[in-house]
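My questions will all concern the structure given below.
The first chain written gets the first letter, and so on, giving A, B and C; residue counts start at 1 in each chain.
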Amino acid sequence: MTHVHKQLTLADIARQLDATLVGSGELPIRGLATLKDAGPDQVAFLANRAYFKDLATTRAGAVLLHPEHGKTCPVPRLELDNPYLGYARLSQLFDPVPARDRTGIHPSAVVAESVQLGAGVCIGAQAVVEDGVMLGDNVVVGAGSVVGADSMIGEGTRLHANVTVCHGVAIGKRAILHSGCVIGGDGFGFAHDGVAWHKIAQLGGVVLGDDVEVGSCSSIDRGALGDTVIGNDVKIDSQVQIAHNVCIGDHTALAGCVGIAGSTKVGKHCMLGGGVGLSGHLTICDGVQVTGMSLVTNSIHAPGVYSSGTGAMPNQQWRKNAVRFKQLDDIAKRLSRLEKSQRRD
Amino acid sequence: MTHVHKQLTLADIARQLDATLVGSGELPIRGLATLKDAGPDQVAFLANRAYFKDLATTRAGAVLLHPEHGKTCPVPRLELDNPYLGYARLSQLFDPVPARDRTGIHPSAVVAESVQLGAGVCIGAQAVVEDGVMLGDNVVVGAGSVVGADSMIGEGTRLHANVTVCHGVAIGKRAILHSGCVIGGDGFGFAHDGVAWHKIAQLGGVVLGDDVEVGSCSSIDRGALGDTVIGNDVKIDSQVQIAHNVCIGDHTALAGCVGIAGSTKVGKHCMLGGGVGLSGHLTICDGVQVTGMSLVTNSIHAPGVYSSGTGAMPNQQWRKNAVRFKQLDDIAKRLSRLEKSQRRD
Amino acid sequence: MTHVHKQLTLADIARQLDATLVGSGELPIRGLATLKDAGPDQVAFLANRAYFKDLATTRAGAVLLHPEHGKTCPVPRLELDNPYLGYARLSQLFDPVPARDRTGIHPSAVVAESVQLGAGVCIGAQAVVEDGVMLGDNVVVGAGSVVGADSMIGEGTRLHANVTVCHGVAIGKRAILHSGCVIGGDGFGFAHDGVAWHKIAQLGGVVLGDDVEVGSCSSIDRGALGDTVIGNDVKIDSQVQIAHNVCIGDHTALAGCVGIAGSTKVGKHCMLGGGVGLSGHLTICDGVQVTGMSLVTNSIHAPGVYSSGTGAMPNQQWRKNAVRFKQLDDIAKRLSRLEKSQRRD
């Protein structure tokens, strides 16, 4: 657990969450926890009916919940129409990370003279910011991170430790880049001369919108000619690979280990499950959900949920079925033959 | 090959491996190799019957093997009941890495004043150790690695170069973290307001047990409220993603490219093959093995081997079968119809 | 987009591409773009018939194309038999990256005294080069990169920012390593004593040939005893995992998220699609192509295209079929029974 030293009154919290407080506003709150684990100085929340059973016995100082559960709450409460959203806001109030930021440039950091710095910028130990970079107000560059030449980072964006932003990348406002991620590495482009490969210099960049989050060790490659474009409020988990010239629409979420091949366009409000793969040059329309580890090899033109693959089963059973899969076309043909002959009878 | 300058006598090795030496103990040994490749100053080993054929002709200075093969060995030998385990111990005797560690803090490293350092700690060039960190005896922090505020690292643990340990992470003793791995990046948690995503601050941490190994470029995300917990002696390969609040039992091994979604619990002594995916909120019991690239979407309550998917085949054959897969339900229904009609005859 | 300040005349370009110029050679060219987007100071190219429709209306200063399309070109042209290869060469002429290299060692870099440096070497800010390393002429070590002890890097090789080359790694000439990649982390090797794992020290190295490219966040593990070997002109995309003692033949290309398990040998001129997995100890012959996300569990002895898995479909349809997959062996048996009984009639 991280140590949270902050303290707020229940009234402060109600105000900041725009929630209806029922109970004493004086109560000092030092954090949040589940209904089960919360103590008298913590706020708990009920956002999922599965945990309703824990409400009656909670020791929390207060509970964040929907008005419909108000009466059954044994302790002071914060009523909200969307308690899960309330939990998100509450969690941010107790986030210890921003409190640790130290405005200014750490003496060990290397920042080129030509860099333009906004107000309140924090550049951490051993970080490198190269020529021609523009950092907006309150940008945080974590320890060991590198920002390549001519890149622009919008106000309030945070690079955690050991992030790499390559040259000529544009990142919007309030983005969060986690450790080990790489924005703007070369796309995978080569011409073949019959024997050997010849590199196609990747002259495009990467454009990340506002409120984008990129997880640990994820990579977003730069475009070949045009840019790779990530829309606003796109959320990208860890170990994700986004190839050159991909475009991703606003508010789309990609879970861990997703891989998207070159020039594919993903719409707005899509959700790709963990390990999903999209082939190159596809168009996926708005509002598409793809379940975990599915392979998409054709464009999708209708919103909805899509899947591929087969769920795990005991290995012995699986072996028999997997062998039959290789006979599937034959099985289908034999079945048709039987049907025909039967009609003849 | 890395250069190994160390020299031991065969007698030294027998003593350290607790093996029965048959032959002269004076023999100087400078390394180890396979039965085929080993020279007179190297020890070879026979741990797999497949290589028995190479025993008669080996040029090795000595061979590590099971007593049952002793008589057929043409050179001095080290007899052990578990020769593969003996090979593991032997390999550690000739590991060149520890010899390169230089106790102390490299002048280019940035170590906060409040850091507590055990005896024999080595902190490499350009490394960063932030406020409130505790490093146990003989901890090694590799070049360019960053240890975030308030993290604790147990004695004898090694961070290779360019590792990132985020804030509030607890790592046990004798752990090994390989380059590019990230421990404690944010889990993937957001609340949706109907249009946009709102970040849920990830207030939990990560707890790694003793003797844990994490491979290159792997990521273990911090918990949302509680911690992500990795048990003792858990071995994690490269390119693995472990999401927030996952728990992994002692002695479990995860091969490369495994992805485990949020809040899933994996038991003890499990083995997940390369590229395996586990959905979120599952419980996998002790002693489960999952074969490569299988997708597990339901909890598993019985030990054993589990699989999914279909093996590769020539593309033309595959196309026909893959098309039939989409008709599979129809095929099954038509088959039942035929069976019924036949019974009627 | 990255800013390209370079200017060449059309005649210069024709000379460097060894193309036949038709039109005025004086024309100043500042970059390249697609037929649709190119302006009067840019060269466009026609390498794919799909874009032939854009030729008539292009505003490009000149077009790179095959002689067969020469007559229909409304602007000056550069004729070449392989226009796509021409595009690759042209792109390199306008690559802004090399122009930014600054020969010498950045004052913040840490370079061991014993390091041997070729002519024109560039070592970036916060980089670390350890004892016994040899860097060939014009090697570039990017900001924050670490080169481990006793490694050798051939002339003209570029490490981008935050790359990790571990100890005892040999890299050929003109290789390109992208940010976040790790060459030479430990392979995944352990001996089991019945309860716990015992580490097998990974004493081998990694050998990369000439003209190899490794993408962002990819990892190539070092060998257990012998080396992991990557041939010449092997192209590796982002998020790829190559396990210990794998050998990859010349001119083979691995797309993003590929995973190759230990000791597998891949031939020359192979192409593995995104997310492909190869089990350990396999042999894949020359000229094999494997389509995206396929799992290969057996050796392949004939060149050709191989696939596995099933494409995505609407989830409702998929659920029915996936359930039937688990009955596939039963379905096949019932079908045979029907066939037999019918013959009896």
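Just so we're on the same page, a residue touches a chain if its C-beta (ideal position, glycine included) is under 8 Å from a C-beta of that chain, and two chains touch if they have at least 3 such contacts.
Quick caveat, the model's predicted, so the values are computed rather than measured.
Student: Over half shared or under half: which fits the residue numbers at the contact of copies subunit A and subunit C, same or different?
Tutor: On the two sides of the subunit C and subunit A interface, the residue numbers are mostly different, under half being shared.
Student: Can you grab the rotation angle between subunit B and subunit C? Superpose on CA, round to the nearest 5°.
Tutor: The C-alpha superposition of subunit B onto subunit C needs 120 degrees.
Student: Using CA atom averages as chain centres, what separation in Å is found between subunit A and subunit C?
Tutor: 26
Student: For subunit C, what residues touch not just one other chain but two or more?
Tutor: 108, 126, 144, 162, 180, 217, 239, 257, 275, 309-311, 313, 325, 327-328, 331, 335, 338, 342
Student: Within the complex, which stretch of subunit A touches subunit C?
Tutor: 108, 110, 126-128, 130-131, 144, 146, 148-150, 162, 164, 166-168, 180-182, 185-186, 188-193, 195-205, 217-219, 221, 224-227, 239, 241, 243, 257, 259, 261, 275, 277, 279, 290-291, 294-298, 300, 304-311, 313, 317, 320-321, 323-325, 327-328, 331, 334-335, 338, 341-342
Student: Would you pull the subunit C residues touching subunit A in the complex into a rising list?
Tutor: Residues 1-4, 31-34, 37, 82, 84-85, 87-89, 91-92, 94-97, 100, 106, 108, 124-126, 142-144, 160-162, 176, 178-180, 211, 213, 215-217, 233, 235, 237-239, 251, 253, 255-257, 274-275, 292-293, 309-315, 318-319, 322, 325-329, 331-332, 335, 338-339, 342.
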